[in-house]
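Both complexes below contain chain A, partnered by chain B and then by chain C.
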Partner chain A sequence: MQSLVLYIGFGLVTASILCIGAIGFTLQFGISNLFNLAFGATMTLAAFIAYVCNAAGLSIWVALVLGTVAASLLSYLLNRGLFVPFKGRSSNLFAMIMVTLGVGLVIQYSIEGIWGATNFSYNMTQGSSEHFAGMVFTNTQLVVIGIAVAEAVVVHSLLRYTKLGKAMRAVAVNDRLARNCGIPVRRVVDATWLLSGALSGLAGVVLVMDVQVLNSNSGSDFLILIVAAAVVGGIGSPYGAMLGSLVIGIVGEISAGFVNAEFKDIAAFVILVAVLLLRPTGIISSVASAKEVAR
Partner chain B sequence: MSSAWQFYIATLVIYSFVYIIAASGLNLQFGVAGIYNFAYIIFQAAGAYCTAVLSLGNPHASGSFQSYILGLSLPFPVPLLISAVFAGLLGVGLGAVTIRRLRADYLAIVMLVISLIATDVVTDATGLFNGATGLSLVPQPFSSLTSSTTAYNWIYAVYAGVVCVIVLMAVRTIIRSPLGRSLRSVRENEHAASALGKNVVGLRLFVFGVGGAIAGVSGSVLVSFTQAWAPSSWLYGETFVLFTALIVGGVGSNLGPVLGALLVPVVLAEGSRYIPQFGSPTLVPSLEWIVIGIVLIAFLWFWPRGVVPEPKRIFPKSWSRAAAPATLFEDDHAPQRVGSR
Partner chain C sequence: MHGIRGAIDRSAVVDDGAARRPRLLGTSSGRRRRVRTVGRLVLSCVSVAGLALVGVVAGATESLAAGASGSKAPLTVAMDVAFTGPTAIDGIAEAAGCYPAIRIINANGGILGHPVKCLAVDTRGDPSDAIPAVEKMLATTSGLIGVLGPESGTATATVPLVSKAHIPQISQNGLSLFDHNTNPYFWRNYPADDVGGVALAYWAHHMHLDRGALFFDNSVAAQGSVPALLRTYKKLGGKVVLHLSVAPDGTSYGAEIHQLIQAKPQVIFTESDPQTDATAFSNLLELGKPLPIYGTNATVIPAWLKAVTKAIGPANMAKYYRGVEPYAPAYPGTKAFNKALLASKSEVTTVKTWIGQEYATTPFDAVMDFALAATEAHSTDPATINKYIMAVTAPGKGKKVVYSYQAGVKALKAGKKIQYIGASGPQIFNKWHNAFGEYGVYKYVNGKLVLAGTISAAELAKAES
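Right after this comes the complex of A and B.
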């Protein structure tokens, strides 16, 4: 029983990192109708930019901000410069997924070409360990959980109470109708990619702060878990992404604790495939149904 | 030509044949029937593992250092045939599970994840196929014929070539037959095909099976040559390389996969060997992947139908004139005739 609570604690940390990334991933899908498989590569790039800043003597928190900004700009440029023109040319969904995968490969292997296939870590302390009701967290992990909660609150307030957020929801459900209602769809899409790109960067840096290992595969390996969380929760729905992150994070850590560490990913993947086959629209299915991901 | 060069070229020829076999199986699934099978490489792996465990012999024999299931030592063509059947059945099974009407990119994601699960399971379950280390010392089928390694490579190249030609002829027969037409109709518009009485699910399962079997054959031919097979031989990136090969060569045509397989995996991968070492030690291998990514994006933008596009299958003009009362519509004087009525 005690160990179960302990593993749930680990699961909360994983779920926090997943939550940051999954909300970004799901916002991109909602607004652009696109599975962006380059998301993992932008995460890795942000983590490496943070590493360079950190190694140059900046505090890890400044590095975190710089990495986030860089990922935000890169995502915006990728969408405007590549994904939007491709979508304008053909509506072939499979071609789009190949394009994002190709972009992801180019970024990932550019990183590997520059920094090599070795492991790096940030120059930071994990802080003292805190105990809560049988769970153990380092100070860094508490901050990570705090960032995730703050991010969830900010995204919730944005979507619920601001004009931009309402416009984003409108474009996600039906972009033509939104355009006809006078919503500047182009600007809303740009804002969403800046935001979701920032979230990818944040997730990348925070991931490395927690696991303390960085290499050129960090982001793309983690991306599959993010996709799992977003799809299980209901692709396109930010609240679904939060729920899905909790499911994938906690179930993954519990199975890692009771079976073995490698089982963590397998458990997440099996949940994902089961959800895709039984209820492909996920837990919160409103956006996924509107996009007709399954007939 | 020196013996080392001959050895190298024969090896390259064998690899080319293996890639052509694999690409034409994927062409049948993706190009002809429009199935987005991002887990294609696991069928090659299934064929390779199957051949390995059917020819390696008893794993508990003295001096054995690897653990695996089964462990038979069947004579040469039997493991190849069983591998094809096994991979084909695996394809039908996986197809039956995943044929729900998922959106194209959604199905691709499911398949990608299935490919990752398979890699994880084979890596973790060390009793199955020796885990991450993989199987090695798979027996060579023609080792009794010659003692020279170069001569052996040429013999093997002939064998791979024969298998390749058989596979290509089979795929060509399917593409040209009424069955191929049905498959293309499912690709273009499954509702219309279904309305015309085509069994859409059955056709897709057939392609899953045949494509899987062809992938299994490619794996079998490859593993009997390299004599080793491990989870790192079939990462999902390999599926991506095959898709890139198809898109470059031309999706749905007979010649496309052949050309694509020669251009993308063989020329690009082998070409990078001749780039002198510069920068960090990982720079040149990384460049190979960067180039594959850029080539893919460029082809999707500039030449989405590939180097050898799928031929448009239309009846010759004379036929359509004969078949339809064309004079009514194409005769220059037709409007006047209508007006004068």
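Right after this comes the complex of A and C.
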């Protein structure tokens, strides 16, 4: 039992990073119907921007903000400059996925070309270990969890209590109807990409803060888990992304502890397949059902 | 070709209803023979003239090219490793060997007067990328005399391709499946991974650390050390209390490290990429239990050392970490290598970190092997060069020992046989084209590797037997 609680604690850290990224990823899908495989590369770029700022003497927390802002702007520009024009040519879903994959590779290799194929680290320490209810966290991990919780609360509040949030939900379900109701769809989409881009940047920087090593593959390696969390939870649903992240993060650690260390990532995908078999639209299916995904 | 057929009066075609044959003007057999003879003569002259013309054009083209460069056509040594992707460090290491070597060779007249260049063939560490890259290299690279690499992850895919083209390759990969290699074109001048496993086990036993746990990632390269490590450690009386094989680049290894701590080992053996081990040992510190960490030669690289130092702190690193690596004291050739390496900073990133490093000196010596073998063979044909690699590296009675390319060429021109001992030391290839020597045990103190001990080849052989 003691070990189980300990593993849940480790899983919460992974789930927190996943949650930040998965919400961003799922917002992009929800609003634009786009499976953005460049998301991981955006995370990496934000982490590198933060690294440059941190190496120049700025505090890691300031660097975090700057990396987040950079990712937000990049995501907005990518959507406006590339994805929207492609969609305007009636490109199908598969073609759009290929476009995002290509963009992601361009960003990743550009990062490698600029900074080289080596590893970097932030100027920061993990801090001391804290014991809490049978779990162990470093100070940095507690901050990461705090950021994830705060981000979830902010997203929830935005979606529930603000006009923009309601407009986002309406556009996610049916953009034509939303337009006909007078919602400025284009502006809502822009705002969503700015927000989701910020989340990708935030996820990229906190990921590196946790694993302490940054290279050109950092975000891309993590993307597959983000996608799994988003899909398990119900693609297009931020609440689903939160739930999916918890499931993937915690089950992964438990399986590594009690079954086999090699099964950590395998467990995530076993869950993904099982959920999709039983409930093709994911655990929370509101947006996916409305978009008729997985039918 | 009408003239060759002779004069044919087509108006004289006779229609006999059975066959239509043109009637030659004049019908005597002698005239026909003369026509055929003249025809053959004309055909021969035209063919010879045509061949001569092709030869002249080709020669002119070559001389134009030669004239443009002012020297013979350049020769190429290809580096068949990853230059991008997770194992891109392999490419940097090969470049740290190749570019200093060609710098020295070209400064001493090239190979038989030919300048030499290095060619990066990026495999990305993945067989699916390596195969087309190597095929393109073989199809499009002129003057290819030898190949450095490949690395462990792509070796099984690309070694057959290069060997089929009869091009020698000298690799620094550690796969144990090459321990009894029978491919005549494949050479390895760096010890196999499993020899590193033997060295780790030996040193742990030497330090009386007889309860060990393994923390290795599940890549092909990392797993190469495991069988020999397990076998030797148990043979020497050690007990393996836990054997973990993990997926690399996870965000947390807390559960795995907790299991490890529960097993109460005295030492952790490891080989993983920098991110994986940094994360894992950060978790180890988080759970409050630093332990001796013994790493294979894959950990004795700047990226790994820096990442793990960042994770556990310099004091813990100096106290608990030991890494094993093939050991070569500075040889006369090492100075020349270091000098040429520092001069190659435009081609090699983080150049200073490769000074004296085996990962760089072994590809350096491999290029020298190609160059000296070509010189002795008086040939730039790669298949011929391959036959002389052993000749220029093996010891022998009456052979002149040389420590530099310049000295080697001088001795060969004087008609002597040579044994080249390079920056990485003697390369004594056995019958399976493998060469390895003694091992050094290193600690990492204040950002520098410091030798903590050595394990002789005899000790390794005894531990392994």
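Everything below uses one rule, namely that the second predicted complex is superposed on the first by the 289 of 295 C-alpha atoms of A that agree within 3 Å, B and C clash if a C-alpha of one lies under 4 Å from a C-alpha of the other, contacts with A are read in each partner's own complex, and residues count from 1 in each chain.
FYI, contacts are C-beta pairs under 8 Å (C-beta built on N, C-alpha and C of every residue); 3 or more make two chains touch, one makes a residue touch a chain.
Just so we're clear, the structure is a prediction, and the values are computed from it rather than from any experiment.
Contacts of A:176 after superposition: neither chain B nor chain C is touched.
In the overlay built on the shared chain, the residue A:269 is in contact with chain B alone; chain C does not reach it. Touch criterion not met for A:163: it reaches neither chain B nor chain C.
Of the two partner chains placed around the shared chain by superposition, chain B is the only one that A:95 touches, whereas chain C remains out of contact. Using the contact criterion defined above for the overlaid structures, shared-chain residue A:228 touches chain B, although it does not reach chain C.
By the touch criterion stated above, A:253 is placed in contact with chain C alone, chain B being left untouched.
In the superposed model, A:105 makes contact with chain B only, not with chain C. The interface of chain A with chain B overlaps its interface with chain C at residues 109, 112, 116-117, 262, 265. Chain contact summary for the complex, chain B toward chain A: residues 36, 97-98, 100-106, 108-110, 112-114, 116-117, 120-121, 123-124, 237, 240, 243, 247, 279-283, 286-287, 289-290, 292-294, 296-297, 300-301, 304. Touching chain C in their complex are the following residues of chain A: 3, 6-7, 9-11, 13-14, 17, 109, 112, 116-119, 121, 126, 129, 136-138, 207, 210-213, 215, 217-218, 221-222, 253-254, 256-257, 261-262, 264-265.
Against chain A, in their complex, chain C makes its touches with residues 83-86, 88-89, 91-92, 218, 244-247, 249-256, 258-259, 274-275, 278-279, 282-283, 285-288, 303, 306-307, 310-311, 349-350. Listed in rising order, the residues of chain A touching chain B in the complex are 35, 82, 86, 89-90, 93-99, 101-106, 108-110, 112-117, 224, 227-228, 231, 260, 262-263, 265-266, 269-270, 272-273, 276-277, 280, 291-295.
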